[in-house]
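Single-structure report; data block below.
Each chain carries a letter (A, B and C) given by its place in the written order, and its residues are counted from 1.
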Amino acid sequence: MDFMMHSEQQNQLEPTQAPVERHSHNQWNPYVDNGGTSLIIAGKDFVLVASDARQSVGYNINTRYDPKAYELSNKTVLATSVCSADAKRLCEVLEQRAQLYYHKHERQISTQALAQQLSNTLYSRRMFPYYVFPLLGGIDAEGKGAAYSYDAIGNMERVTYKAFGSASALVQPFLDNQIGMKNQRGAEGERMLTREEALRLAIDSFTGAAERDIYTGDWLDIFIIDAAGVHKETRELKHD
Amino acid sequence: MDPITLRLPHTVQRPQELTSYGPTTRTTQPIVTGTSVVAFKYKDGIIMAADCLGSYGSLARFRNEKRLTQVGEKTLLGVSGDISDYQYLQHKLEDMITHEYDMDDGQSLGTKSVYKYLSNIMYGRRNKFDPLWNAYVVGGIDNGEKVLGFVDMYATTYSSDTIATGFGSHLAQPILRRRVEGRTEQITEEEALEILDECMRVLFYRDCRTFNKLRRAKVTAQGVEISEPYSLETNWDFAEDIVGYGA
Amino acid sequence: MFRNQYDNDASTWSPQGRIFQVEYASEAVKQGTAVVGLRSKDHVVLTAVKRSPNELASYMKKIIRIDDHMGIAVAGLTSDARVLSNYLRTEAMRSKMVYGRPLPIGRAVNAIGDKAQTNTQEYGRRPYGVGLLVIGFDDSGPHLYEFSPSGIVSEYYGYSIGARSQSARTNLERNFASFEDMSLKELIVQGLRSLRDTIQQGKQLDNMNTSIGFVGKDAKMTILDGEDTQEYLDLLNEGEAMDTE
């Protein structure tokens, strides 16, 4: 009877439902959530990438400055979130692949190519994922701001704006409202922001996130990437 | 003559030829452990402290463990967590330093390199689901720059002016944030020692896996200096007022 | 077929104590166009003449980047050089990944030296047919090394290998005392001056056949080709005009 119950349950599993795995023994969990938030906004000829720098585990703040967004050699910026150890290694691996491309083709890898490379890199660890939700920003072949968002196993999407990390549930709706113009009467779809607007929205997003999310705060690294290169500035957030 | 084999009755010994058979084994819990390491930057460099206890569960089993060691010329390593994993790692670091020395070209591994190498080992073992059950603090001076970094069994790494592992992250870190953060360059050695003692005293009072025999160490431009074991002055007068304590 | 009975392979000695295959490999280095390397207290420079096999072909690559702090110049079999440069690039990456530091130049050169030596001692192998000048900047400052097919590596203030390189070496020997305090620009022009001595009669350095590489204290490994070399070629010719006045 017990067996019957079990098999019935199995049969009732909807295709969209994930099966619950029952392990006979508990395995050590190698993942840690180090908190923090990252954001990306694409403009006409620029892209803005921002990440806070707090690293935490549970209620402990490990450090106030551990940058989560990294400038890569081909003038793109990779912003990460969640597992810091994986994020750091992922950046190293991606930078190495960018270097290999440079040596092979004698020119910097394009933003699009690197975006695809990042997807492949993540997927190569499909069975033991990098616990990282990356955002990649750069300038595309047409000189437009290119923003890419990924899940941990390499699903890739080009976006105009996106927020990931511990305060994503706070920041994403804000961006949906301010940039996406979602569900607003009379609004004509997504806005293309100017640099100043993007910068203000990014700063407001993070001051808001730092106010309500305990895992976001301390310092904010903002990268603005355009045809001329990468400009970085660091701002202070709440330290509490 | 046949080699003598020891067969101790209370230990399980797998036959030599079977070591590659059977289920793979992992560290699923630490056995002999060291508790907190406390470290921070001050005017002249890095200062660090840890006690001499190797606990076996709640038993104060080994009372003369050295949990602060020198690696290379200007690097100090503090360890908490499993002592045997630490001793294994110590051999790896020795190999690394020896290999560097053997190159015989006048170059040596700085603190950043030691830290990077150590982090890589930890990340590699984490990826094998077979972690070294430790939290390490690496301190030193690299090309005139003070370096203080942390790495644990998940290979989480970070640098900070103040670092405390284990219970220290709850009990000592708040003290360090109040007294050290933002004023590392003003702290003299005298004050640094006083801050360190304050932290270690609180830990001794409140962390059951501590021991009043500890070492401190510093890294300055002159190099690494690890103290002999010493004790802190403590005061248990308040105990008299606690109902149920003692008599 | 053979010049003598002791040059069948690299693992056979001649009674005079020579290994002919290694000597032949060293001859291959002299078939390549010349490259010059020289260093000051802050910088190291490479200059090279590129050869074009014919009118329709492009110029051969002579200077290869290894990492931000290291580069090589090639004389001899370019394809052998590619094997070595790939190896060096991987080693440089490994050093960055494992120890977080740029690969020390001396160690890099010794590593390829050991590879080359193996080729001179194992049966059935062939020595590399290429010589390299390796430049780089690490914790102990700027370096210039020569790598040769025999596996010998040596460090220099200034050196040249390849076709007619003796003329460049003579020029370097006459001037090397003044290299120490030269600026990067002066060092490059001096490099070109030495390189010019290796050019065949009736030919000259121009922005098509000249290649410049440098690295130093505040300069990442940079390779200049084509139009970018003109500035320095002009300085070279100006200096020459002043000398004759």
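Methods note: a residue touches a chain if its C-beta (ideal position, glycine included) is under 8 Å from a C-beta of that chain, and two chains touch if they have at least 3 such contacts.
Treat the numbers as computed from the prediction; the structure is a model and nothing was measured.
Enquirer: Starting at subunit A, how many touch steps does it take at minimum to reach subunit C?
Expert: Counted as steps through touching chains, the separation is 1.
Enquirer: Tell me which has more C-beta contacts between its two chains, A-B or B-C.
Expert: A-B
Enquirer: Among all other chains, pick the one whose mean CA position is farthest from the mean CA position of subunit C.
Expert: B
Enquirer: Taking each chain's centre as the mean position of its Cα atoms, how many Å separate subunit A from subunit C?
Expert: The computed centroid separation for subunit A versus subunit C comes out at 44 Å.
Enquirer: Suppose each chain is reduced to the average of its Cα coordinates; what separation in Å results between subunit A and subunit B?
Expert: Their C-alpha centroids are separated by 34 Å.
Enquirer: Could you give the separation in Å between the centres of subunit B and subunit C, each centre being the mean of its C-alpha atoms?
Expert: Centre-to-centre distance between subunit B and subunit C: 48 Å.
Enquirer: Residues touching two or more other chains, restricted to subunit C: which are they?
Expert: Those would be 97.
Enquirer: Touching subunit C in the complex: which residues of subunit B?
Expert: 103, 105-107, 109-110, 112-113, 115-117, 120
Enquirer: Which stretch or stretches of subunit C touch subunit A in the complex?
Expert: Within the complex, subunit C contacts subunit A at residues 65, 89, 93, 97.
Enquirer: Which residues of subunit C touch subunit B in their complex?
Expert: Spelled out, the residues of subunit C in touch with subunit B are 97-101, 104, 106-107, 138-140.
Enquirer: Under the stated contact criterion, what part of subunit A meets subunit B in this complex?
Expert: Residues of subunit A touching subunit B: 27-28, 30-32, 34, 55, 57, 60, 62-66, 84-85, 88-89, 128.
Enquirer: So in the complex, which bits of subunit A are touching subunit C?
Expert: 92, 96, 99, 103
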